[in-house]
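Same chain, two partners: subunit A is paired with subunit B first, then with subunit C.
Entry: the complex of A and B
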C-alpha cells in the first residue's frame, strides 16, 4: 500500500512537473495513408518538425488505411470523437462541412493565394480545407506511335478536337498493332469514373448537376449535350476502341506499358512508373469536345474538425505543413503535383522543363472541380452507374433520365442539402 | 408452469448468457432498428433530423405500372418502321417526363412486350430493386437444388473406405476455408474475356473452334458465371454435412439390405435417403438462406453489372445504405429480404414436416 502511494505520488509529481514546464496542448491528427511507408515518413517528419519548432502544441498522428478512412471518420463523428486535424478527399469535403464535422479554417484565404485552385476546399464561401498537392489526368501516348500514325501533337493552347481525337483512336485501331486504341481504366469501378469521365461530359457542355443552384440535374445530365456525350461514350465501346467494364485490373495496370493500348487516360500518380518503362512516353492535354478541355481537380486536403477545442493550434500546424518545402517533399516522393509554383520549382519533376511540368500546366489551365455540394457523394455514385450502364449498351436517353431522377429524388430527400 | 428451464437451472442460464447477449446485441436489436429505420428517412450522414415517413420507402421501392406506347405513324397514318423492319415507338420519356401524367414521373422501364402497334411497357420507380429481386430468386432456385445434389454426390463418393480418401475430402473442402474475396478475385481471372483460363481451356478442347466469351462482361452469362463459382465454392461445406448424415446411418441396415440382395440404387433409395431426411432439411434451409445472402462475389466480381444482370438484394442493401448514404432505403430492402426468407423457410419446414 505504501509502495502504491509513493508511486502514485511520483506519477502526479512527474505529470505536474511536465505540464508546468511545457504547458503543451495536445492535438490529435488523422491521416488516410496507413500502409504507405513513404507517405507516412513525410507526414511524421512534418509533425516532428512542427513539435520541435514550438512548445505550445504537440501533434500526435493516427493513420488509417484509405479504404476504411471515410467510414472511420463517420463513426467517430457519430460518437463525438473526431480528432483536431483530419484529412479528406476534396469532393467529400462539402458533405462533411454540411454535416457539421468541420469548421472553416481560421486562416485568411489570402494566405493560400499562390495555391492551385484545385487544392482549396471552399464551400459556402468559406475555406474548409487546403491540399498540399493536386492531381491531374493526361492522355498518355508514345512519341513513336504518334509519329507512326502521323498525328499532330496537341498542346494546352491547341488541344485535339473531338474529330482529331476520334481520328487518332481509329488510326490506332486500324494499325492493327494494339488490342484496343485507348485504356480508360474501366476496371477501376470507383470514384475514378467520376473523377476521370465527368470532365468529358462537362467538355461536351453537359454536367452532373446545375452548378448555379445545385438543386436539380434536369436538363444538365439529360439535356441535349449530355445525350450527345452519352452517344459518343457508347460508340467508344461499340466500336471496340476501349476495353469495357469487364476489363481485367492487371491489363489496366500494365496494358499501356506492354503496348496493348496505344493511349491511356491516366493520372499523374502513374507517370513516374510509366516513364521508367516507356522511354518515349508523353503526356498530352485532354481533348476539347466543344466546351473547352477539362480534367478533374482536388485531391486529399487538410481541415479542422468542428469539435476541436484548439482550432488556432490546428491552424498553426496546417500553416506549418503547407510550407513549400513540404509540398516539394510530397511531390518528390509520391509524384504528386505541388500546390504552388514556387514549390514546383524545388522539385526535379515539376520544375520548368521537368518531365512532369506538363501536369502542373494541365492542373492550372484545365482543372475543374467536381460539383461542390454535400450531395456530390451520392451524385457521384449515380454517375458511376450511368457511365458503366451506357458503356455496357444501355439506352442512352433512358439511362440519363433515370440518373437525373435519382439525383433529384436524393436532393429532395435531403431538403435541398441546405446549410444550417 | 415450472419446467426444467425455469427451475434450479442457474448454471444453464449462466452458460447461455454470453450467447444470448451477443445475439441480442448483434442480431435482434439491429433487426428492430432496421425495421424502424425503414419507416423513417434515416441517412448515414446528415445534420437534418430524422423524420417518420411511414411506408414511403416501401412505396418508392414497390411502385410499378404498365403503360402503353402507340407506334409512331407518318402523315398518312402508316406505322413507321426502322431499317430492320421493327416498328418504331416514341421514347418512354414522352410519358415519364410528361406534365399530364405526373404519376409516372421518375419511373423507368423494366421490360416491355410488343403486340401489333402497341408496346406494353412495365415501368417501376425502382427498377434496380425488381431486377435484384428477380436475380436473387434465380440464384436461389438454381443454387439450392444443384448445390445440394452435387454435395450429396461428393459425400457419397468420399464416404468409402479407400486408401487416401482423406486427400479427396481435403481437396473438396478446400474452397470453403479460403476467403470468398480471394476466391472471387481468382475467378475473375479465370473468367477474363481476353485470355482467361476458362476461355483458353474451352478453346483447347474444341481445337480452336470456341469463340472466347467475356463471361463477366456479357449480361447473358454474368449471373450464370457467378452462380457456378458460388456453387463450387460452398459445395464442400454441405458435402461435410451430408457426410455426417451418412455416417449416422447404422451399418447393420446396409448389411441387411445386402443380404436381401438389394441393388445399389435400391440401397440408396430405401436405406440411405430415408436416413438422410433430417440432414436434407438442414442442408436445404441453410443453402437457401446462404443463396439469398449472396454479396461478396457480386461486390468483387461485377458490382451488379453489366446492365444490372447481377444485382442482388443484399448487394443493393449495402449499396444504398453506405454508397448512397440512404440507410432507410437499405433497411427497407433488408426487411423485405427478411420477410421472403422467413416465408420460404416456413414453407420448407411445412413441406418437410414429419407426417
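Entry: the complex of A and C
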C-alpha cells in the first residue's frame, strides 16, 4: 500500500513537473493592420517565427482596421479586455500611458540605442513603446521642373530658406504650367494636418504647447512666431499657390503624378508609387523657416498593456520582433524607414545610395516628435481646425488665440495631465 | 381653345416629369457611380470622378476590384454576420415591439400612459450618450451557454442583437398603427371568448402587414448600418459586421476601386430586402403618415 502511494505520488509529481516544464503561456496581441495584406503577412511571419523559436510563450494575433483601431482599444480598456501586446500610433502613446492602458517596457532603453529617435516612445522618462520603422515627409519635385525653373537643389546641410521656397512656388505658379505650385494634401483632414504642418509652425519658432512645462500653449501657439506662421500659411491660399481645404481627394492622389502640381509635400509611404510613375522625381528636405528644418516623427510602435499578466513574455516578443531582419522586411515590403541604420543597409531602398536613403537622412536629421503629452490627442484636433480655418481665411490672431484658449482649458480640465 | 388647354397640360406634365427625373437622378447617380467605379482601376476611377465618365461603363473595366476585395477582407463572413445579426434582431424586434404596442393600445394596466411616455422620451437620447455605460454593463453580464456560465458578452452575436431588440420608434409605430384598427374587431373577438394572445395573433397581426413592413425596413437599415456599437463590443474578426469591415479598405492609400466593389456587394442585401417589402412599406406610409 505504501509502495502504491509512493508510486502514485511519483507519477503525479512527474506529471505535474512535465506539464510545468512544457507549460506554454498564451499571449494576445492586437495590431492595426487588418486589410493590409502585405503588413499582415509580415506580422504573422514574425509571430510564427517567435512561437517556433521558444516554447515558453505563444502569441496569437487579432488585427483591427487602422481607422477604427483607437476606438477599439479605448473601449477594450474601459471593459478591462486589453491584450498583452498592442501597437499604437506614436503620438497617442502618452495619452494611453497616462490613462493607465500601458506599462513601461521591461527592457532597458539601451537595448534600442541604435534606433531612430522617432521610433522610441518615451513618456515621463520611461520607455513605453518601440517602433520597427519611422515615417518622414519630404518635398517631392521633378528634376526637370527644378531645372526649367532654375532652382537650386536644397540639401540636408543647406535646405531652402523661406525666401527660396516662396521663390520656387511663385516661379512654378508664374510658369503657367501647373494648376497650383504645391500640393500640401489639404483634402486629407486627419492627423496629417498635425503631422505634416505642425513642423512648419515649429520651424517658424512657434509650437503647439510649451515643451518644457507642457502646461500651456500661451505664447507658443499665439506668440509672434506663430502669428508669422499663420500669416504665411494664409498667404499660400490667398495667393492661390496651394489648393485649399476643398481640394478634391482625387486631385491629391494623382495631381503631382499628372503634372498638375509642381511640388508635393508628401510622405515616404507614397514614394515608391510615385517613383514608378514619375521617373525624375526627387525628394527634397523641408525648408528652413528660421528655426531649422523640421518634419514630423513617430509612427506605429509596440507596447505592453498595463493589464498584461505576462509583461516579461510580451517583452521577449517585442525584442524578437525588433530584430534588424524584420525591420528590413517591413521596409522592403511597405517602403517604411527602417528603425536602425544596420537594417537600412539590408534594404535596397534605404541602403546608402538607395533611392529612398534620403528619407532615412531626413528622419535622422530633421524629425521632431509631436508634443509628448497626454493632451496631444486634443491639441492635435485643435491645431487641425485652426490650420483649416486660417487656410479658409479666418483672422490669424483670433484663430490662434482661440486655439490657445481651447488647449489651456483642456489641460486645466484634466488637472494638468499630471501623472498618477 | 381645347388645343391650347391640351398643350398646357402636356407642358405641365413634361415639366413635372423633368423635375421628377432630376430628383430621381440625385438618388440614382451616387449608386450608379458606385457600381461603375467598382469595375475601374483606382487611378481611372479618380480621374473619371470629375467628369460624366464617372457614371459610364467606359475605360478599362474588369472584376479585379471584386477579386481584390475578397482577398483583402473576409467579405462573405462580414456579410453573413450582418445578415444574421440584422435578421435575428428584426424578427425579435417585430415580436417584442408589436407585443408591447398591443399592450399599450388594447390592455388597460396601471402606469400604461406614463410608461409609454418614458419609452417615447428615449427618442431624444442619442445612442452615443449611452454607448459607454452600455458597454460597461454588457461586459459584465452573465451568460448561460453550452459551455456553462460565463461572464461578459463581448465578442459575440448576442451583444450585437439583444440590446437592439426593443426600441421606442418601433413600439411607437405599432402603437400608432394599432390605434387605427377598428375597435369592433377586438370587441367581437373578446365576445367570442378569444384570449388576448389569440386576438394579437389571429386578429391584430394579420391586419398589420404595412406596419410590420415599415418597422422591419427601418430596423433592418439601423442594424445593417451598425458601426459604433460593434466597433466597441467586438474585438474578434469572426463577429465583425460589414460596416466595421469597410474600414479594412481605408489604408494610407485607400483602395478606392475595392471600396466601391465592397460597397456594391454590401448594398445588394439592403436593396433586395427593400424591394421585397416596398409595396407594404409604401402602403404603411400612406396609412400612418410615417415619413421613414
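The rule is simple: the second predicted complex is superposed on the first by the 399 of 420 C-alpha atoms of A that agree within 3 Å, B and C clash if a C-alpha of one lies under 4 Å from a C-alpha of the other, contacts with A are read in each partner's own complex, and residues count from 1 in each chain.
Going forward, a contact is a pair of C-beta atoms (placed from the backbone, for glycine too) under 8 Å apart; a residue touches a chain by one contact, two chains touch by 3 or more.
These numbers were taken from a predicted model, which means no experiment stands behind them.
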| item | value |
| --- | --- |
| A:164 touches, of subunit B and subunit C: first, second, both or neither? | neither |
| Which superposed partner A:246 touches (first subunit B, second subunit C, both, neither) | first |
| First (subunit B), second (subunit C), both or neither touched by A:189 | first |
| Partner chain in contact with A:35 - subunit B first, subunit C second, else both or neither | second |
| Touching partner for A:254 - first (subunit B), second (subunit C), both, neither | second |
| Touching partner for A:381 - first (subunit B), second (subunit C), both, neither | first |
| Touching partner for A:67 - first (subunit B), second (subunit C), both, neither | second |
| First (subunit B), second (subunit C), both or neither touched by A:332 | neither |
| Contact residues common to both interfaces of subunit A (with subunit B and with subunit C) | 71, 248, 250-251 |
| Interface residues, subunit B side, partner subunit A - complex | 41, 43-48, 91-93, 96-97, 105-106, 108-109, 127, 188-189, 192-194, 214, 216-219, 302-303, 305-308, 319, 322-326 |
| Parts of subunit A lying in touch with subunit C, wherever the complex brings them together | 30, 34-37, 62-68, 71-72, 75-76, 78-81, 248-251, 253-254, 258, 267, 269-270, 273 |
| Of subunit C, residues touching subunit A in the complex | 43, 46-47, 49-50, 71-73, 132, 135-136, 139, 152, 154, 228, 231-233, 235-237, 244-245, 247-253 |
| Subunit B contact footprint on subunit A (complex, rising order) | 71, 74, 77, 95-96, 98-100, 179, 189, 243-246, 248, 250-251, 377-378, 381, 388-389, 392-394, 397-398, 401-402, 405, 408-410, 413-415, 420 |
